[in-house]
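One structure follows; several queries about it will come next.
Letters A, B, C and D mark the chains in the order given here, with residues in each chain numbered from 1 onward.
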């Protein structure tokens, strides 16, 4: 039932600001890394979606709640959930976690709309949909398969 | 009653991604530019707050809703509102606007907590508070002077 | 004979790192802003070159020499020179200057190769060439119109 | 005699620009990741140098030669050499390599000056020096232990 994927990144010097912590917009970059890895673990190279199916996951909304400062050289687990999957939108949720202590550095969500190259909304290709949802998605009856973050 | 400040930026090539639009985390950078300018127009150099009063505006939360794609070389008005001002937190709201058409590219909010260098919460220095709120803030009786975004 | 163009930027909080100064790769972003402005002042929107003539200025080399640290909120003049202009390559040179004191923060160069969308070298469109070189370029006889940086 | 260290990164969506390739300043970020890993493999956490010895490696110069475009999701080996080590300066050299084909994407160098917190030049702490140079550095007699890049 654990419908998430983990990957680990390390904070770069470039990511910090003069307060000595990671600059706030860079958390969204970490989310993107988690999103890409989530897709890859489910058998999808995100680049391939764009190329093969002419489908783009436009970001419609992004949110981040900052819990504890992240510092240079810190290892961080990016835990990515496919929180909601509708016909033309999907919501990913993220947690940035200290791999040693389990401390939560930050959490957030991104909402995506599926479009074609010209930005017109379209349905997400079925083959990718099945892969993304993973094994437990197969049995889901509803249009929206929600994954609780607790 | 329009308690906002405008400044104009221009989208850099560095800000775009391979979709040909501004990468989603960079909107938060634009918000920061707006926040800094808001402070400056009210007579406060943000760098000075950090240096002189040992007060830091830690970001506790950030949100952005993406309305229309932003492209390279586009001029953008960053309209910044001080949406809420409490003793130890403040919320800025932002609109990214096309200066020619008035089209809204994106909007969002950031919530900040005032801390000392060690990250302990503290009250925002009174002198800066008065400046930030501006003329119409003087007459405000309540602790929270809210500015509606419509 | 001063064949350069100036534009002014302001250091963003996002540009700093935990040493309290501008992170070293961001100087190249400032160079790009200068390059774009140089083109605009000569009557060329760089975006238009890409769109209309299917010509891309691929960066072949970049160099930066860091003289003095740049800090948050500092205003910086980006002075851009078209240092050399050959058939299929051009070299821009840059100086980052304190507008108040004239102090040099950094200087550098970027070498560009003109290619088509597929990355194949091509000649730079004549109409843009004439605009870029500006008035003093008209009288230049040699293939390479060099501008000395002192 | 192979005095280099390798680490692998993956190109993020955030790193690309509208030309569909990695934006040119981000190569310097990859160099920094290689530099940090080089130090770590030699038993030094770079963050620790700053904290414990009050020594900073200020960048004095950076160069990059771009050979082949780098694209989203590409895995890249960052090969880092300590090219030259003098009393108060050191030069790192870098190669960005395709792990599958050995193709060189880019190469470059960064020159660093050792300073204290206030930016005054100082000698690099001996204990770190020995670690950085590694086993083959022990037998080097000259002040400058140069590593050829071929």
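Operating definition for what follows: contacts are C-beta pairs under 8 Å (C-beta built on N, C-alpha and C of every residue); 3 or more make two chains touch, one makes a residue touch a chain.
Quantities reported herein were computed from a predicted structural model and do not represent experimental measurements.
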A-C compared against A-B, more contacting pairs: A-B
Pair from B-D, A-D or C-D with over half of its contact pairs in common with B-C: A-D
Whole-Å gap separating chain A and chain C, where each centre is the average of the chain's CA atoms: 36
Centre distance in Å when chain A and chain B are each reduced to the mean of their C-alpha atoms: 26
Contacts with 2+ other chains: residues of chain C: 13-14, 19, 25, 29, 32, 72
List of chain C residues in touch with chain A within their complex: 13-14, 16-21, 23, 25, 72
Chain B residues touching chain A - in the complex, by the definition given at the top: 19, 24-29, 32, 56, 58-66, 69, 110, 119
Touch list for chain A against partner chain D, complex: 12-14, 29, 32-33, 36, 45-47, 71-73
